[in-house]
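There's a structure below that I have some questions on.
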Amino acid sequence: MSIVRVTKEVVFLYKIILQLLVSGIAMGFVYGLVGIEYTLIWNSTGLLNFSHERIIMLGAYIFAGSFVLQTGLSVLPAIVATIIAIIFFAVFVAYTIFIPLRNMSALCAIMSTVMLGNIINESVRLYYGPEAITVKGFLTGMIRIGTLVVARAYVVIIFVALIILALLLLFMMKTKTGKAMRCVAQNKNASSLMGIDVQKNMMITIAISFSICSIIGLLVIPLYSVKQSMASMISLKGFAAGVIGGFGSLPGAIVGGLFIGIIENIAGMIFPSTFKDVVAFVCLILMLLLRPSGILGKKRIS
Amino acid sequence: MFSRKHTRKIYAVLIIAALAFPLISNNTYYITMLCLAFIYMIVAFGLNFITGMTGQVNLGTAGIFCIGAYTSALLTTKTFISPWLALLVVILFGFVIGIALGYPSLRLKGVYLSLTTIAFGEIVRQLVNNMTDFTGGAHGVRAIPPYCLFGFELNTKLRLYYFLLAVTIMFGLIAYRIIYSKWGRVFTAIRDNIDAVDTCGISSSKVKIIAFTLAAVFAAIAGGLYAHYSGYINPSTFTLNLSVSFVVMVMVGGSGTVLGSVLGAVLVSILPEMLRFLGNYYQIVFYILVFICTILIPNGIVNVFLERQKTKALPEKN
Amino acid sequence: ASEETIKIGLLATLTGYPLNGEHMAKGAQMAVDEINEAGGILGKKVELDIQDVGNTTDVGINSCNLLISNKVVSIVGPHYSSTCLAIENLINAAKIPMLVGGTSPKIAKIDNDYLFRIRASDTMQAVAAAKYLVEGLDAKNVAILYGSDDFGTGGMEIASEHFSSVGVDWVAHPFNNEDTDVTTQILKCITSGCDSVMIWATEAAYPIVARQLYELGLIVPTITNPSLAVDSCLAQLEQEWVEDWYCVTDFLTSNSEEKVQNFIKAYEAKYGTEESVDLHCAAYYSGVKLVADAIERAGSTDTDAIRNALMETKDFEGIIGTMNPNENGEFIHEIILAQCNDLKVSYIKTIGE
Amino acid sequence: MKNILRVESLTKRFGGLVAVNDLSFEMEARSIHSLIGPNGSGKTTTINMINGTFPPTGGRIYFGETDITGMQTHKISTLGIARTFQNIKLFSTMTVEENLKVGGHSRLAPHGVVSYLLNPVEARKEENKLQVASEEIIAMLRLEDIAKSVVASLPYGKLKIVELARALMSRPQLLLLDEPAAGLNPSERAEFIDVLLKVFESGIDLFLIEHNMDVVMNISDKITVINFGSKIAEGDSASIQNDPEVIKAYLGEKYIMI
Amino acid sequence: MLKVNNISTYYGKVQALHNVSFEIKDEEIVSIIGANGAGKSTLMRSIMGLVQPKEGEIVFKDEEITNLKTNKIVERGIVYVPEGREVFPALSVEDNLEMGAFSKKYSQRILSNKIEEMYDIFPRLKERKKQLAGTLSGGEQQMLAIARGLMSSPELIMFDEPSLGLAPVIVDDMFEVIVSINRQQHIPIVLVEQNAFEALRISSRCYVLENGEVRMHGLSDELMKSPEVKSAYLGG
């Protein structure tokens, strides 16, 4: 009798842990995708884009607010239109901010991107209003595998993350533009002496990074709906994912994301659940102190 | 254009203006706003050592400020000790945090350090928010008693104003003496080339920790003052946004100068209020102004006028 | 100029999260417009001075001081208890009555003669919800999921106290407002073997919590705080996530009472039909009307007179309930119980104190 | 004669690469000692280890009688070893004078922050000392005209001298110079030699890495030549110039003594 | 080939070049000498568009290039090997070389041939080909910078103090390489050098810069004999 109960409990616990792992992995890919985007911009401009959370949000708003609700486009054309709109925006931002200021100090870069984010945020509030927007039926639903459940959106996210990762790796390693990006990040003067169009290169980087942001924005709509704070936590954790995985390494970002996703879910089970985020950030700090190069990162040279 | 000598005159004018202000207008609105600006100034003075001078971006100042505020608030409301005694504990905490935060700064540079400080701020906020039994959680702490000075309770805005003004001047003086001293030079040297600092026989680790500790002590003390100024604190104040505001104060005002921190703190705490007439648009206008400042004058407003910066190398093309 | 108009202040969260200030402002503005159309009060026009409180104490303190220095005769709002707590001593010193929408039980405990509350307190709401779970839905083992902010924590404390007092088992699991995943919390509830769920959190949390409760299969009788009944919140949910959920609320568009329906019509006529009418519109509309009524009865704009008149209010018909102040300055003593079906929240009954 | 510097079987590996291999040499007090060798032979690596930039993989380093192997850079510096860098490391937003003052910080102004704040008189004294010392060195190296310029705007050649000046501010016993004359033309080099000799006469021993043979051969008391991290020759300039191995590996057939 | 007409360049308010004119014809080696801070590098940077001259014009193969962006100028066929190496520190030696040919659309095969060519000139680089450029020794970096400049088979090369930090034996080799590039591939070369003696020896003409102005110019052999040049730049 009691043995039966014990085994039942064990099975129950096992299922719970499995479910936690699966959810952790799913969230991990969200973080990882965000981390990829950070890494990309970091690799190619040596700057960190702190407005990124707001770009994710902006993408979601443009998609849901402008194209789906106002213009009434169906989902697929709306996605394309959103990415195009965001690319235009990226070009604008690149030529007005990043390119003229390409020699600015890290401090200045951080502050100006933070402020850019704030401006985007307020503009969105003024234009779309403060209320959350939803796109009914977009990527909703779930998938059951035995007793495990995963939201359909997560599956799409994992899929898209892997595709983006693969494409970016190919792009960075194999194409000339991709290689030029790495040079521009290291030494803009020398890059231009190699015949690299530094400005165009930066613009492309920013456009790619912004489009990835908007894709992230679209993907998380079914999870958090379109509101101004939708990306605040994932962007912070995405940051952490990038660092834990090894800053500068694209696959590292995914690994870091998975690490955080799983650790925080398991920690949430052991500690009071609200300490989940604390655990994630403590991991970040420990990682930075013990192995600043991250899980996959190479040692940096000074 | 003015040189360092002129800044003395400017300080004198500013102090006289601040002393006289309540005589001209004793509108609580303005007085309170200035009180807050004074508190922010102290934080900015401290942060200037790290962000303005050693060039490390600290985005966790709100966390230190928060610890200062909660330490003082909890000690005075739970154990009923005098706010002054609590202040001693706050200073002690400032030291400890400064060293604890300074330590990672030895191994991490640039964005890595910024990230750590963000994480630190976030950890503090979440802990304060979620350790409900101890900190009162999201409800915050209320009825924090005011400071007492020579038997006077600093319970009116005017008394508080003069008290905070005096404290701010004191910290401004300390900051001024540090900036224009060998320490100021070494802090800047750390930003410019850290390897060379060590070969000059100076332990760069020690200097960094000194900078962080100074900043932490300043921020913690300001936090303590803040708790008693506002009488009520809750975790929602101490967000990343606040940390960003502190950096904005240092940057927009003028990094590496006391006058810059003064100007920055006044701008950041008062400008949005002055823009309220813009209604719905006041925040965005404020952000746009700050944004323009950061990109057009990255060294801050004051440095545009300081003679020294003229000889500075211009960034080259590409 | 202040001689010719009567200024009423409104403190609303117009910037920063979470946002609801726009609805507050619209509701209050509508009340002011109606009053002015009807000839104003005491022969003077009423002017609404709207200030943003952001979501930090600092901005709250500044805006409150600004209103005081603008010589408003009373203040309506703010909506969040933490902001109320931060500025309550200011209005006490300035002797200006303030009608807040913060529902935290802490507010009632404050000894402040100028502080009034125009919404049902959390104590009432949470106790009503908890009671209904136990008595109406026969809960034996409740799981409380609550936001870790002051609102959620307050509700959880009250409800859990009630559960303990009637001998019902309970567990409570908090989440942060920024949380993007509450699987752990829900799994913890499931492991506790709960037979019903109570959710106490701000609107922002619902899309995630409701979705994951459904996905993870914790489909049991569920009751929530008023957020669920807010249209903008419902709009973010799918039908199957919240089917048959209960909630307590102070305002319901489907409430068939005439004053409510008239209010909704007027509001939609003024601001268009896409605007969703919610409790923020209704509560602060009522607040302004209440102040106007008090000024009229006081016959002067002296703030002490207004305060006294407010205390003497009897059966003032607010949109979210009949308003009668108790000794703590609380005006609302009734709450609606409602149920969500097919993403529509329908009225079940009104529960008194 | 006493040794001021003694290096015993010094080895440094970077991964699989052996940059310095079992290198031993001694430097006498009151001498100018040069270390030369082909590019990438481990010269910079050697002085990096002497000054504590990174620890050696093996071997020991003695400064006088003190074992300084693996000590931290700033400690080594306070013991009396200063250095300049091959890729100039100056405080670029500061003026030349300020750079020098930082250089003198540890020797002339050793007080901590708290005592600095509490004792303004002492603080003023320290600052004066720094001022006097920096003026002295500026005069000695003839940097008066650029003393107040911000370093970032100076041409390469000047920067080398500023760096030397900063190193002198700590009044070291031993100065490690990594290609100090690179970027100077022959006439400037001739002047520079005078400066170096003046420095030497003021009581500072020089350990010199340099590819300009006019500098090396004219002032060195002893020259150590390394290749692939190991010593291939040692002696005075005459013997080095005629050493066939050195000619083959480093000087080249065309080298003629000037 | 390249003609610089009366350019003046400023850093902020400080004028670094005063009305400098300069010319290089097909197939010649021109050297530029001058004291520290004379403005030699500034002249090079002005030509490359790294700093914009305020006045004057720069003409390359009869087309004005004065206000073109650096990368466009490189595409026209001018390569500048800057002072201070400026290698890409986080790229390997081989990747650095590859980037040298960025402006050219080489096939993979030609690219590897080119790289092999460079390894022949500087065997040291071959030994270090997988090493990150930032960890190379100073001289190795200098070799890499020179080799990287040669990668794109330019129409004009400008070297800024290429001998800086190189061992004597390598310096000899390097000057030989420069001469042979000029002789065999008929590429004109601008050589900024502190090693004035060598520079004058291999160049046909020479410019002497002083305080941002052209002080003298003429045939190298003649300048070499000038007492002024001798005392100021040749060390006696």
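As written, the chain order gives the labels A, B, C, D and E, with residue 1 at the start of each chain.
Here is the rule we go by: a residue touches a chain if its C-beta (ideal position, glycine included) is under 8 Å from a C-beta of that chain, and two chains touch if they have at least 3 such contacts.
Because the structure is a prediction, the values reported are computed rather than measured.
*Asks:* Steps needed, at minimum, to get from chain A to chain D via touching chains?
*Replies:* Between chain A and chain D, the shortest chain-hopping route counts 2.
*Asks:* Taking CA centroids for every chain, report which one is farthest away from chain B.
*Replies:* Most distant chain from chain B: E.
*Asks:* Which chain's centre, taken as the mean of its Cα atoms, is farthest from the centre of chain D?
*Replies:* Using the mean of the C-alpha atoms as each chain's centre, the farthest one from chain D is C.
*Asks:* In whole angstrom, what separates the CA-based centres of chain B and chain C?
*Replies:* The separation of the two C-alpha centroids amounts to 36 Å.
*Asks:* Could you put a whole-Å number on the gap between the CA centroids of chain C and chain E?
*Replies:* 74
*Asks:* Could you please state the distance in Å, as a whole number, between where the Cα atoms of chain D are centred and where those of chain E are centred?
*Replies:* A distance of 29 Å separates the two centres.
*Asks:* So which bits of chain C are touching at least two other chains?
*Replies:* Residues 15, 148, 174, 176.
*Asks:* By residue number and range, which residues of chain D touch two or more other chains?
*Replies:* If we look for residues of chain D contacting two or more partner chains, we find 153.
*Asks:* For chain B, give me the residues that contact two or more of the other chains.
*Replies:* Expected reply: 126, 129-130, 195, 280, 283, 312-313, 316, 318.
*Asks:* For chain B, which residues are in contact with chain A within the complex?
*Replies:* Interface residues on chain B, with respect to chain A: 51, 55, 57, 59, 103-104, 107-108, 110-112, 114-116, 118-120, 122-123, 126-127, 129-130, 195, 244, 247-248, 251, 255, 280-281, 283-284, 287-288, 290-291, 294-295, 298, 315-316, 318.
*Asks:* In the complex, go through chain D and note every residue touching chain E.
*Replies:* That would be residues 14, 17, 36-41, 43-45, 86-87, 153-158, 179, 182-190, 211, 213-214, 249-252, 254-255 of chain D.
*Asks:* Report the residues of chain B in contact with chain C in the complex, numbered from low to high.
*Replies:* 27-30, 32-33, 36, 126, 129-130, 132, 137-140, 142, 230-234, 236-237, 239, 241-242, 269, 272-273, 276, 280, 282-283
*Asks:* Can you list the residues on chain E that touch chain D in the complex?
*Replies:* Answer in residue numbers: 11, 14, 33, 35-38, 41, 83-84, 124, 128, 131, 135-140, 142-143, 161, 164-173, 194-197, 231-236.
*Asks:* Could you list, by residue number, the parts of chain E that touch chain A in their complex?
*Replies:* Interface residues on chain E, with respect to chain A: 48, 50, 69-71, 74-75, 79-80, 82, 86-91, 95, 98-100, 102-103, 132, 134-135, 148, 152.
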